[in-house]
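Chain naming follows the written order as A, B, C, D, E and F, and within any one chain the residues start at number 1.
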Amino acid sequence: MYEITTVLLNRLIDMALEEDLAQGDITTHMLIDPREEGSAHVVARQDLVLCGREIFERTMNRVDPYLSITHRFADGALVPKGSIVTTVTGPAVSILTGERTSLNFLSHLSGIATLTRRYVDELPKGAKTKITDTRKTLPGLRTVEKYAVRCGGGINHRANLSSAILIKDNHIAMMGSVAKAVAKAREAIDPSHRIEVEVSSLEQVSEALSAGAEVIMLDNMTHRDMAAAVKAVAGRALLEVSGKVRIENVASLARTGVDFISVGALTHSAPSVDFSMEMAARHAR
Amino acid sequence: MYEITTVLLNRLIDMALEEDLAQGDITTHMLIDPREEGSAHVVARQDLVLCGREIFERTMNRVDPYLSITHRFADGALVPKGSIVTTVTGPAVSILTGERTSLNFLSHLSGIATLTRRYVDELPKGAKTKITDTRKTLPGLRTVEKYAVRCGGGINHRANLSSAILIKDNHIAMMGSVAKAVAKAREAIDPSHRIEVEVSSLEQVSEALSAGAEVIMLDNMTHRDMAAAVKAVAGRALLEVSGKVRIENVASLARTGVDFISVGALTHSAPSVDFSMEMAARHAR
Amino acid sequence: MYEITTVLLNRLIDMALEEDLAQGDITTHMLIDPREEGSAHVVARQDLVLCGREIFERTMNRVDPYLSITHRFADGALVPKGSIVTTVTGPAVSILTGERTSLNFLSHLSGIATLTRRYVDELPKGAKTKITDTRKTLPGLRTVEKYAVRCGGGINHRANLSSAILIKDNHIAMMGSVAKAVAKAREAIDPSHRIEVEVSSLEQVSEALSAGAEVIMLDNMTHRDMAAAVKAVAGRALLEVSGKVRIENVASLARTGVDFISVGALTHSAPSVDFSMEMAARHAR
Amino acid sequence: MYEITTVLLNRLIDMALEEDLAQGDITTHMLIDPREEGSAHVVARQDLVLCGREIFERTMNRVDPYLSITHRFADGALVPKGSIVTTVTGPAVSILTGERTSLNFLSHLSGIATLTRRYVDELPKGAKTKITDTRKTLPGLRTVEKYAVRCGGGINHRANLSSAILIKDNHIAMMGSVAKAVAKAREAIDPSHRIEVEVSSLEQVSEALSAGAEVIMLDNMTHRDMAAAVKAVAGRALLEVSGKVRIENVASLARTGVDFISVGALTHSAPSVDFSMEMAARHAR
Amino acid sequence: MYEITTVLLNRLIDMALEEDLAQGDITTHMLIDPREEGSAHVVARQDLVLCGREIFERTMNRVDPYLSITHRFADGALVPKGSIVTTVTGPAVSILTGERTSLNFLSHLSGIATLTRRYVDELPKGAKTKITDTRKTLPGLRTVEKYAVRCGGGINHRANLSSAILIKDNHIAMMGSVAKAVAKAREAIDPSHRIEVEVSSLEQVSEALSAGAEVIMLDNMTHRDMAAAVKAVAGRALLEVSGKVRIENVASLARTGVDFISVGALTHSAPSVDFSMEMAARHAR
Amino acid sequence: MYEITTVLLNRLIDMALEEDLAQGDITTHMLIDPREEGSAHVVARQDLVLCGREIFERTMNRVDPYLSITHRFADGALVPKGSIVTTVTGPAVSILTGERTSLNFLSHLSGIATLTRRYVDELPKGAKTKITDTRKTLPGLRTVEKYAVRCGGGINHRANLSSAILIKDNHIAMMGSVAKAVAKAREAIDPSHRIEVEVSSLEQVSEALSAGAEVIMLDNMTHRDMAAAVKAVAGRALLEVSGKVRIENVASLARTGVDFISVGALTHSAPSVDFSMEMAARHAR
C-alpha cells in the first residue's frame, strides 16, 4: 500500500471510519474497561493472496495511535488457510472498535488480489500475455482496487478518462471510421497519452495500425482472427483482448499471442476473502 | 434512492466522478463535437433486480444538468434480460463522459439487490423469517449498499457501531458471562438502543433472555438447537442466525422459526450485474 | 472525550480553529517573541461539572504539538470555583493563539454537563427515572453535546433520525391512529431499531402497548395520568415524559415512576460556564 | 441571512443535515406515503426577535428543492407569541425530515437576536453606546451567530484573530507596558487593522492614547473611572467596556459615555427561543 | 472551461470565494441597497488571449444565481485592448461582491493563454513542433492552468506523476544507465502509460531508442546535437526539448525538427493580464 | 510560515499533493528500490529572497514523515545564487515523489518575496512609506502569498472583504459622494474595522477627512496632488497610493510622503524563482 499517497489513503480511511463508528462504539464503551489491554490475531480462513496490510494498519492506528501492529506476510504473498496474518496489540477497546472497518478493507482488497492471481495462474508458462484491469471499479475505491490487482500479479489499465486515449465503438461510429478517429487523435498528439482504439475486424486492425494507433483492443473477435491480428501487427502496436473473458478461456486467449487480456470482474465482482479476528490475550494495563 | 439524503449522495457521486474524470475525458473532447446530441439506452444484459436509478440519474446530471433521463423500471423491480432500463438524451459528449461512473453505481447496487432477492426467494412461503445484511460492506458505500439490500427485499441490520448494542463473543469473554454482559448493558438502558447478544448454546439463550436481551444472535448452533431456542424464547426476544449462511441452507435455517438470517455476502461478495449503454441516435444541435 | 471518534473530533476542531485563527493571530505574532515559553492555568470561576478536557487538549495540540497539557480533573468531575482545572506549558505564542477556541469548547460542554447534573440531582433518591437529552442540539455539535450530557449524568436519546423509530403526533395524524402507525412499523421490524411512539392519553397508551411499542412517550399528560400509565404498562414498555420539563418539576415527574424525562434545554439553552486562562510563568527557551 | 456567503451557509447546512439525517428519516419513510403533500406552519411560542429565515429556507430546500417556503417576517423583526412565522408547503415526507434541523438553526439564532435586543433596549434613549459581541461563540457557528447579533441590533466586534489587533493583559505583561506594546504594534502599522488595547487604570488610558491606540478597552474599572476615561480621551479613540456586563448594569455603563459594551453572553449563553412546527393541511399529490 | 469537470471547478471556486468573502463583503452590504440592480462590463486593458470565461461565470453565479452573464469572446480568442469581454447584469451588491475573485481567475488564466500564444507564434511557419507545458504549476491550479495552455495553442504534457512514465536524470543515475532504466520500465509494460526518458548525449539517444523509449527528452544539448538526434531517431520516437527555453530561442529550437518544446514559464511565471470591471448602468428593481 | 495556521497549511499541501501524485509516482516506484536512501540539496539558481521553507518541509513530510530536512536560511533571508538552501535526507523514493510539489511552493513564494524586496529596496532611505499588497492574489493561495509579501519586507493590505471597509469608486458613484459614503459607514461604526475610501481629487481628500475616513487611497492623482494631499491631511489619516505602480516610479511616489504604495503585481505577476534539487548521495538502508 506504500505506493499509494498518504493523502488519498487518509481520506478513504476517515470516510470508512466515520461510516462505521458514527458517534462511537457504544457496546464496547459500555462494557469494556478502557484500561484493559489485549492482543488479537487476524487469521486467514481460506487460502488467499494478501492485499491491504498498510491500509489495515493505518485504519487501526487512526482509531488509536497506541495500537501496535505486526505483519507476518507482505502484500502479494500467498497465505495458506489458518495462518495468522497480522497481530494487533494494545487497548482492547480500540481493537474492538477498529475491527470491522479494517477487516472490510483487508477482505475486499485481498479478494481482488486472490481473484487476479487465479487469472494470472491460468496463463500458459512463458506466455508474454498479461492480465489487466478496467475502469469497472467500485465508486471511491479505484486506486486501492488497482493496487490490489498489482498485488495479484495483474497490470493496470488506464486510471481514468484523462490518463490515456481510448477510442471506443461509440466514438468510431460518430467519427465515421477507425482511420478518421485515430488520425484526429494523432493530430493532437502530445507527449503523455497513449492512443488506443477498439476494433472488431481484421480490416479495422490494419486501419488502426496505419493510422498510428499504439494499442489496439480486439473486441469480440474469434480466436483465429485474434491470432491473425497478432501476426499482422507484428509488434508495431500492443494488442489487447476485452469482453467475455472467463477463467476458463484465459489460457486459450493468451495462446493467440495478444499482449493484454482485460478483465472487469477483477474489480467489480471479486468475492471477499474470509478473515477472522480473534482476541488472543488480555491483561490490565 | 429517494430515501437517502441528498448530502450523502452528492458526496459519493462527486468522489466517484473525480476519480474517473480526473482532468476530463480527453478522448471524447478530442473527437466529438460538443454540439452533437444523442440518446443512449441502458440495457440489462441479464435478468436482474434494479437498484440505483436515482444515483444513476444524479451522476449523469452532475456531469451535465442538460441531460434528460427517463426510467422504465422502479428500484426493486425485476428486469428481464434485454430490457431497456433507462434512456439518456442530450449532448453526446456528456453521455460518454458520465457513462462509466453511472454504470458502475448501477451495476454494483443492482448486483446486491439481485443477490438479496435470490436469498429472499429461498425463504419458505409464509415464513416470518427475514434476510438481513451486516456491517461487512465496502468502505464508503454502506448507506447505498444497505438501500440495495432493501430493494432486494432484505431488511437492514444496524447501520453502525452507534445504532444498536450488539454484544459479541469477545465482549462476553471479557465480561465473564452472557448474563453479566447483558446486565451491564441494561443498567445503562436508554430509550433508543436495542440490546442484542451473540450466544452459542441453549444455556446462553436462557441466560440472555433472563438478563433482558431484546435480540439474541445464535452463532454456529445446530438446526435442532436453533429450533429449541425458538421454542424456549417464545417471542420474548427476536432471534437471529448468523455465520455460514449459503443460498443452499437458507430455507432450512428459516424453517427453524428464527426471525432473521444475516448474510454478509449480500454486500461483501455480490457479483456486479451486467448493463451496457448503447448510443441509439444522434443529431446536430 | 475519549469515547468519541478521532475523525469527528478532528473535523470539529479544524473547523473551529479555522474560524478563529483565519490568517493567524496577528496581535500575538506582532508582539511576542516566538522563543518565549510559558505556562497558563485554566481556572474555574464557578462551581461546575467538567466536560471537554480531551477536546481542549487536542485543540491546543492542533495549534502546536509542542504544548504539553496536564489535567487535574476528569470529565464528569465536580470542580469547585477557583480550582485550577488544567495547565498548559510551552511556547507562549501558541498558548495565546489557541486560548479562545479551546476555552469556547470547554465552556460550552461544561455548561451542558453542569446543567444536566442539576437536573439529575433533582431526581428523588433511589428513583429509577433517568434524564435524557433530545435532538434539539446546536448544528454541528450534536455528538460532543450528547457526550456532555453523559458527563453530567444524563442518558442519550436517539442520535439522529436513523437510529430509532420515533412516531410523533404528525405521523399519527397521517396514519389515522396510534395502533395503525405502530403496527405498520412492526411489520417492517428489524433487529436494530427500537419503536417509540408519542401518545397523549391513557387510551393511546394501551393502544400503543397492544400494537407492540417498545417505548411510549407521554406528551402533555397530567401527573395523575402518567402514574396511571406507569401502572398500566407494568414494565412491558419503557415510558418517557417530554415537554414542559423544568428544574422545578423534575422531582414530581420522576415520582410518577416513568423511566425517562427528556429535556431539550440541556443542549439548546445551557448557559456557558466561566473559565479564565491565566499566564502563570514564562521564561526564554 | 442574505449577507452571508453561500459557500459558508451550504457547508454549515450540510454538516447539520448529515448529523441529523444520517442514513435517512426511517420513521417517516416507513409510515408516510411519499406522494402525500402538506403544509406546515412555524409558530412562535414566545415573543422573540426573528433570525435565520434564510438558513431555515435553505435547509428545507437542501432536503427537498420542491418545498416552497413563505415567510411573514423579516430577520430582525419583533414577532409576537403565537404568530405564524413561516409556512412550508410540499411533500410531507420532506417537511418532517427537515423539521428538526431547520428549527434548531432558527431557535438558536433567534435566541441570540432576542437576547441582544434585550441588551440594546436597556441602553438609555439617545445614548451613543452600542452593544457588541465577542469571540466567545460556539465552535463552527461564529459567522451566523454574529449575524444574529446584528439582527438584534448589536454591533460585531472582530471576527477572528486576524481581523484586528487587540492587545490584552497577557500581551502587555509580556511586553512590559501598555506604551511599549502599542508602540510595537504601531511600528508595523498597515492600512487594514485597528489597534485596540485593554487597560485597567486611568494611567494606562493616557499611555494607550499617547502611544496611538485607536480603541481602548476598559477592563474592570469603576463607573467613575470609566467616565473619567471618556472625558480624558475626548473622542481621540473609541472606548469599550468589557467583563461583568449584565442586563442590570448595561444602562449605567452606557451612561459613562463609552462607545461600546461587549457582552460574551450574547453568543455563549443565549437561551434558545421556542418555535413549533404544526402540520396544517395535507392532500394527495 | 467546458472541458473541465464540474466537481473540480466547483471546489476551486468555493475555495477562492471563501478566501475573499470570508464573513461577507461588509463595505458593500453597509452602503448598497440590496434591491439596486446594475450592469458591469469586463474590459480588456491590453491585447490578450482570453481564458476562463466559464470559471468567471460560475464564480459570479456561485455568489448569486440571479446574475446574468453575456460573453462576447470565446476562450482562446484574441481580444484587442479596450474590448468589452463580458457583461454582468443583476443585483449590484452581488456584482461588487464577486468582482475580485472572478477577475483574479480571468486575469491569471488569460495571462497564461496570452504567454503561451506568444511562444506558439514564434514557431516557424509549417513547423511540426509544438509548445507544451510542464508540472511547474501553481499549487491547486494545475487543471485550469493546463486548460489555459490549450487556449493559447499549446499542448499539455503529463498531468501528474501517475499519467506517464518519465525517467529523469536522478532515476538514471540510480539505475546505472538509460538502457537499464528504460528496459526495467518496458518489463512492466502496460497499455496506458507512455515511457519517456531524459537524455543528455547522442549516445544516450540511441540507447533510449534501442531500449524502446517512446518519447525522448533532450536535455541541455546543442542545436547541432538536437538536429542529429532528430535525424537518428527518424520518427521512431517523439523528441522533446526542455530547459533554458526563452521566447528568443524558440524558433531556432523548432528548426532542429524536435516534436515538442516544453516551457515551465507558461504556468509558473506568466504575468497576469489586466482587466477592469466598470459599472455601466444601474436602476432600482 | 510558522505564523500561518496548521489547518490551512495542511489543506493547501494536501490539495497540491493530490494534484501531482494522483495514484502515485509510477516512474519512481517502478525503478527505485524503496530501501534506497539518499540526500538531495535544494540549490538556488539565482539571487533570491527565500520564502516557504516550512511549507516545503511540511510537504516533504506529508509525503513521508521519515524524511529529515535541514534548512540553511530563514524565510526572508537573501540567498546568493548557487547556495544550498535546504537538504533533504531519507528514502530516495520519497524525495523524488515530493520534489515537484514542494519546489512549486518554494519557487512561487520566493518569487513573490524576491519581487517585493525589489520594490522595497527602491524606497528612498528613511522614507516612512511602505509597500503593501492587494487582493489580486491567485485563487486559493492568498494567505501564503501574503506571508511571502511580508518575507520580502512588504506590509499586508486587507485579507478579504470582511476585514476592513474599503469604499471604492463604484460604491461612491452609487452613494452620491465621498462624504455620504463615509458618513454612512461611520454610522455603523464598530471596534474592529478601519474605514478606507478611494478618492481622485484634492476636494475628495478633504471631504473624506471631514467625514472621518481613517485611510484615504489616492487614485490616479499627479505627484503634485499627492504631495498636496499629504500636507493637507497632516497625519489625521493614513494615505495610500494605488494603480500604475511600477518598479521605476516607486521612489518618486514614496517621496510624496504617502504612507503606503499598494502593488498588485507582487502577487499576481511575480515570476517564479529558480531552484533545482540535486541528489547528493545515496546508500542502501
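One rule holds for everything that comes next: contacts are C-beta pairs under 8 Å (C-beta built on N, C-alpha and C of every residue); 3 or more make two chains touch, one makes a residue touch a chain.
Not measured: the values here are computed from a predicted model.
Student: Using the touch definition from the top, what's the fewest steps needed to get from chain A to chain E?
Tutor: Counted as steps through touching chains, the separation is 1.
Student: Provide the labels of all chains in contact with chain B and in contact with chain C.
Tutor: A, D
Student: Where the centre means the average of the CA atoms, what chain is farthest from chain E?
Tutor: Taking each chain's C-alpha mean as its centre, the farthest from chain E is C.
Student: From the options C-D, B-C or A-E, choose the one that repeats interface E-F, i.e. more than half of its residue-numbered contact pairs are shared.
Tutor: C-D
Student: Average the CA atoms of each chain to get its centre, and name the chain whose centre is farthest from that of chain A.
Tutor: D
Student: Copies chain A and chain F touch; is their interface built from the same residue numbers (over half shared) or different ones?
Tutor: Different: when the shared numbers are divided by all numbers used, the fraction is under half.
Student: So how far apart, in whole Å, are chain A and chain B when each is placed at the average of its C-alpha atoms?
Tutor: Once rounded, the distance between the two centres reads 22 Å.
Student: Take the average of all CA coordinates in chain D, do the same for chain E, and state the distance between these two points in whole angstrom.
Tutor: Distance between chain centres, rounded to whole Å: 44 Å.
Student: Report, in whole Å, the distance between the mean C-alpha point of chain B and the mean C-alpha point of chain F.
Tutor: Spacing between the chain centres: roughly 51 Å.
Student: Any chance you could list the residues of chain D touching two or more other chains?
Tutor: 21-24, 143, 159, 162-163, 188, 193, in rising order.
Student: Under the stated touch criterion, can you name all the chain pairs that qualify?
Tutor: A-B, A-C, A-E, A-F, B-C, B-D, B-E, C-D, C-F, D-E, D-F, E-F
Student: Quick one: in the complex, what on chain C touches chain A?
Tutor: That would be residues 2-8, 143, 146, 159 of chain C.
Student: Which of the residues in chain E come into contact with chain A in the complex?
Tutor: For this pair, the touching residues of chain E are 130, 132, 155-159, 162-164, 188-194, 196, 214-215, 238, 240, 259-260, 262.
Student: Enumerate the contact residues on chain B facing chain E in the complex.
Tutor: Touch list, chain B to chain E: 14, 17-18, 21-24, 29, 34, 62-63.
Student: Report the residues of chain D in contact with chain C in the complex, numbered from low to high.
Tutor: Residues 12, 15-16, 19-28, 30-32, 36, 92, 96-97, 100-101, 104-105, 107-108, 111, 135-143, 159-163, 165-168, 170-171, 173-175, 181, 184-185, 188, 193, 264-265, 268-269, 271-272, 279, 282.
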